[in-house]
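What follows is chain A paired twice: with chain B in the first complex and chain C in the second.
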Partner chain A sequence: MTSSDIPHGTALAAEATPRPRRRRPFTVARVVRGAAPYLLILPVVVTIVAILGYPLYHLARLSFQKYGLFELIAHHGTSVGWANYSSVLHDSVFWDVLVRTIVFTVANVALAMGIGTLIALLLTKVSSFVRVLLTAGLVLAWAMPPVVAVQVWVWMTNRENGILNYTLTKLHVGDYSQHDWLETPFSQLSLTTSLLVWGAIPFIVVTVYAGLSQVSHELVEAAEIDGARPRRVFWDVTVPILKPIFLILTSLSIIWDFGVFTQPFLLIDQTRINASNELMGIYLYEEGYVKTDFGRGAAISILMLLIVAVLSVVYVRKMVRTGEEAS
Partner chain B sequence: MRARRRRTRFLWDAVGLLLFVVIAFPVYWMVASAFKPDDELNGASPTWFSLHPTLSHFNDAIHRPFFWDGVKNSLIIVSATVLLSMVLAFLAAVALAKFRFTGRKAFVILIIGIQMLPQAGLIIPLYVVLARYHQVNALSGVILTYMTFVLPFSVWMLRGFLLGIPKELEEAAMVDGSSRVGSFVRILLPLVAPGLVATSIFAFITTWNEYIFARVLLNDQSKQTATVWLSYFTGTSRNTDWGGLMAGSTLIAVPVVVFFLIVQRKIAFGLTAGAVRG
Partner chain C sequence: MKLRLFAAAALAATLALAASTASAEPNGHSRAAASKITVWLQVDAQSGWPELVASANQQFEAKHPGTNVDVQYQTWGDHLSKFDATLAGGNTPDVIEMGNTEMTKYMAAGAFANLSSQKGSFPNAKNWLKGLAASGIFNGKTYGVPYYAGSRVVTYRSDLFRKAHAKTPTSLAAFTATAKQLGKQNTKKGFSPVYIAGTDWYFAMSFVYDYGGQIAVLKNGKWVGRLETKKARAGLAAYKRFFNAASRASKTGVENRPQPYDVYAKGQAASIIGPAWFSCCVGKKFTKATKQFVMPSHVKGRGMPGFLGGSDLAVPAGSNDKSLAADWIRIFTSTASEKGLQAKGNIPNATNLLGNSVNERAAQRSWFVPTAKNWVNVENGNVLRTMLARILTGKASIAAATAFADSNIELTLNQ
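Let's look at the complex of A and B:
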């Protein structure tokens, strides 16, 4: 060490050791520093409270009022107590819609998760050319706007000259010429499911595939050396590692499918939407908005929001925990 | 052994190719149909690939009433929503990524919880409240509505990008004697720019694709967005102009697909980075 370095070194050391201090002075700089995060989140919080919080508060109030077109213009509803809720809960259509929506959600989530996981596993088995090609196809499907996808489905499945009827007939699956895919409620909802599953698969495949690539080869090889068959390796090594991903994907899919609106609303012809094929989102729209019975619609909305809130607890808790860990 | 392995690989490849055809077909069929002359569209047996492509359907689609109104309204709504949201979301993301403060967790719950709200459940309250403040049938009402959906995921995505910036870089700038704000502007902003672009594009896609609120909150045909325009295309007539419908669909899908291809990798990464760690 040369002599010229010594003063420099000591100066640094002196700065590094904390000087004994009395209470830190209450300076403007410190106040600004402490307030900074709150000032930074303030605009977002204000926007969300004003445009979402206030309407939600209003929604709760509306659900206890008679509020139709007249009241909308007068800006004033009349209180009716729990009448809206009791009317909804005593309506057999509501219960039919609820059961139908649950069955629909379970079927959609199971199909999308199942097919998506299988395709992700397939991606690990194919040659790189097929992998790139298949991924490109998935990304294309993923990128399609929902309204556009609905119109393409309408065109492909239309009765007179849809490609689906033509292909099924040509493949001798049966005589599908002039087959109407919107004939029965089951057929209408199955068609909706085919569209939703097609749209949901890419996200699931990409996410599961990313998770699979994180399963270390050493772990799989170790299990194989220990004599585990591929099926055992999959269930005892791969699945546990993917569990958090499955949990998140499943809960997200449940929430999305339960509240789905655009695709069934546009795919099932407007004139055919009725009590026999409505899902919760559409039921709510028809009862509250179309019939301009906003009070009753508000009661249905509250019930739907409560159901979804319960469904999303798992997901939100998980995300909050990762959010806390990451920082 | 090797021959068997090669045979199974070949089998998987065949399955993969078949799946590719099934999954990509609807997109192909949309574009192919948009370019087909009418006699090929309405004929008894379809042509898989037209040898006489035509642009007439695109010409029809863009000259249908309210197409340009829809595009213009969509562009106004999208750009206003994205611009406003990015500024506000970026500030909040900085708070989440760079500060620890009381109430941080509550804010995170708010941000994530909102994204779980089913949009259908919010039709009635938003309609009634916006009607009260004369924001129904006004683009501003829709912009405000979209912001509440764009803000939460933008904050969350930007926070992820900000966390990716090594602390050392920031500290290095501070040691050099620049203030916190100075270091932020000179060091942080350029580094986070790609994240900002990715988040903006994601916000663009969400807003451009949105349907329910645009349909409920905008009644005049001249106020409608492009997606609502497309949803009314078939109308009530029995003879649908399939070529025009597919041309319109293609036109509305193109900007989304292009942007989506740009950010797809980043989005998948952002979503999985959080998911796998836990």
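Let's look at the complex of A and C:
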């Protein structure tokens, strides 16, 4: 992906032509050599299986059980086959929540990626003093714990004394005194989006900016000499080079936003959460924990995992392919 | 190569997402005999009557040398989730304070120890407040000891009422007229003659009960929603009328965000609805002018039935020393302790201790939520709040909103 890869281009092409394979004699040395990489990754595999595999196995097992408060106290669930899955998939609220969460995720990822990239581009053009100032601001925003950030948002958008209503009214944007930002589901989710995008931007800016510093000046200059305008340079030179970075950022953002819980739960507040504003993470919490139906909750989280896997498989595949091309 | 790492990281993140949705893992194990009992009380005790808790602990520790009391304060919002986690992990507290509307679900699931055989040993057990004691009884067995109750009253500024030439209202109509008068005299933007958060269902349901309605009833073993009945709808219509005449609060707002007493202390309300202890926090400026009365009924001369809130103390079935736990409850609900609670503006747990405060007078007519094991799911599912928000904002007619709420209630209660 960097300019240093370019001279190797010819070697890459040569390697791509298939070579006839010969079976080599089976020797102890060869077995040891062949097993070495696997032995090296063994600790990681064991750790991942222990940390992720074991709870996942229990989660899957739980999703096939009736496991409510009674079972929780008895420490023993009863098997119910696919009943939890069927009840979730026949719940119209689940499908509403799914569509809402997908739209919410797309909006959040698009906004965060778009604004983040623009700020990263801006960083390359400003003086180093401004850059340091901007980066410091971004890092501070990044360092703010989500729960604290939610509280700040709650204060700013407070209906009676919030600074947002005050400022908008003073600026004569309209009469916003006593405006309730949490009145409609759309408004509630938009407010959540503003908080999430604000929180997501620093990571995107820092990463994209790091990527931008890898774009070689020669390429940009060459394009400019050939008469390309800045916009053209961006789309035809910068974007292709940054493509792997955009892919990883987008897929990570999708995973984060799809399962987001803390910010919407605290911002909208438990007392206002209902079928018309639930996102997937909150739906899971409400169905599993609040209603003390852990089996059903487990089924929802397995379904959620599958959905996220499907959503990100496209990106992961693309990334692996781009990676193979580049290596 | 770098990109493969990225791909691996993305995959790992996907897996991490799944792993973060924790499973409830049964992990039963017995514990050693107690040299310590753990008590979960709500923060109300920490902020309101810590000296009563300290005194009970002192007495307990004097009676049982070598045993310490570890009081851990909880918040209403998440204490049940935390309790569920301890049920799964087998490290439940020895005593837990439960809201009276939360008891049934846990009693039905067998979460608490049966205290029936030692009921007589609790102070004033013969005279326990009927309504509160009922919340701790399931299938004829006693699981909860009444701790204290609280009713909801109107806290108001007598200076503003005097200026409006308003007497203590004796009917809903009179109160509405006063509210309108107060609204005319106090034109500050956002000022509420009576501050009511739109989705304060405790207050709104009082109108339903005042007009002879109910939330739900048990018929032939099945729960039936009653909000769409004529009487309940009349109550909700009266609530909407009163809200529109008296409150400038958010129609979708909840009663603890902001706290009504904060609104009042800022001079943004002539009166607020809530527990009698709200008088604690009305602000220095208004403390002197602050008084309370019982919310009047639409029938002249009567009080409106108020929600009788309250707490019970229960011993979780997993406690490793149930008799010590019960003994701590005995000490904490002693006559002296209950009198202390009364002095703080609460209703004590027994009729022989009752006085004649506005709080206690308000408790004379009260209503309680349906005693269904899944009721708490209706509460936490915000079924009533959603209904009220839709009615007040006009998103739905009263008929449509109540029909929707009834079907939701039936679905949840009959699960």
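Worth pointing out:
Convention: the second predicted complex is superposed on the first by the 258 of 327 C-alpha atoms of A that agree within 3 Å, B and C clash if a C-alpha of one lies under 4 Å from a C-alpha of the other, contacts with A are read in each partner's own complex, and residues count from 1 in each chain.
As a convention for this text, a contact is a pair of C-beta atoms (placed from the backbone, for glycine too) under 8 Å apart; a residue touches a chain by one contact, two chains touch by 3 or more.
Predicted, not measured: the structure shown is a model, and the values here were computed from it.
Within the superposed three-chain model, A:K291 lies in touch with chain C and out of touch with chain B [touch as defined at top].
When both complexes are overlaid on chain A, the residue A:I273 reaches chain C alone and has no touch with chain B.
Touch criterion met: A:S301 reaches chain B and chain C at once.
Of the two partner chains placed by superposition, A:A228 touches none, neither chain B nor chain C.
In the superposition on chain A, A:I255 contacts both chain B and chain C.
Contact with both chain B and chain C is seen for A:H75 once the two complexes are overlaid on the shared chain. In the superposition on chain A, A:H58 makes contact with both chain B and chain C. In the superposition on chain A, A:R159 contacts chain C only, with no contact to chain B. Partner contacting the larger number of chain A residues, of chain B and chain C: B. After overlaying the two complexes on the shared chain, residue contacts for A:L98 are found with neither chain B nor chain C.
Shared interface residues of chain A, touching chain B in one complex and chain C in the other, are 48, 51-52, 55-56, 58-59, 62, 67, 72, 75, 158, 160-161, 244, 248, 255, 259, 284, 289, 294, 297-298, 301, 304-305, 308-309, 312, 315-316, 319-320, 322-323, 326-327. On chain A, the positions that touch chain C within their shared complex are 1, 48, 51-52, 55-56, 58-59, 62, 67-70, 72-76, 158-161, 177-178, 180, 182-183, 244, 247-248, 251-252, 255, 259, 269-276, 284, 286, 289-292, 294, 297-298, 301-302, 304-305, 308-309, 312, 315-316, 319-320, 322-323, 326-327.
Across the complex, chain A meets chain B through its residues 36-38, 40-41, 43-45, 47-48, 51-52, 54-56, 58-59, 62, 67, 72, 75, 119, 122-123, 125-127, 130-131, 133-134, 136-156, 158, 160-161, 163, 166, 198, 201, 206-207, 210-211, 214, 244-245, 248, 255, 258-259, 261-262, 266, 280-282, 284-285, 288-289, 294, 297-298, 301, 304-305, 308-309, 312, 315-316, 318-327.
Those residues of chain B whose C-beta lies close enough to touch chain A in the complex are 8-9, 12-13, 15-17, 19-20, 23-24, 26-27, 29-30, 33, 41-46, 88-89, 91-92, 94-97, 99-101, 103-105, 107-110, 112-114, 116-129, 131-132, 144-145, 147-148, 151-152, 155, 159-160, 163, 208-209, 211-212, 216, 227, 230-231, 233-234, 240, 242, 245-246, 248-249, 252-253, 256-257, 260-261, 264, 268-269, 271-272, 274-278.
The touching residues of chain C, when paired with chain A in their complex, are 1-4, 6-7, 9-28, 77, 81, 84, 87-88, 90, 105-106, 108-111, 189-190, 199, 248, 250-254, 256-258, 263, 266, 268, 317-318, 377, 380-383, 385-386, 393.
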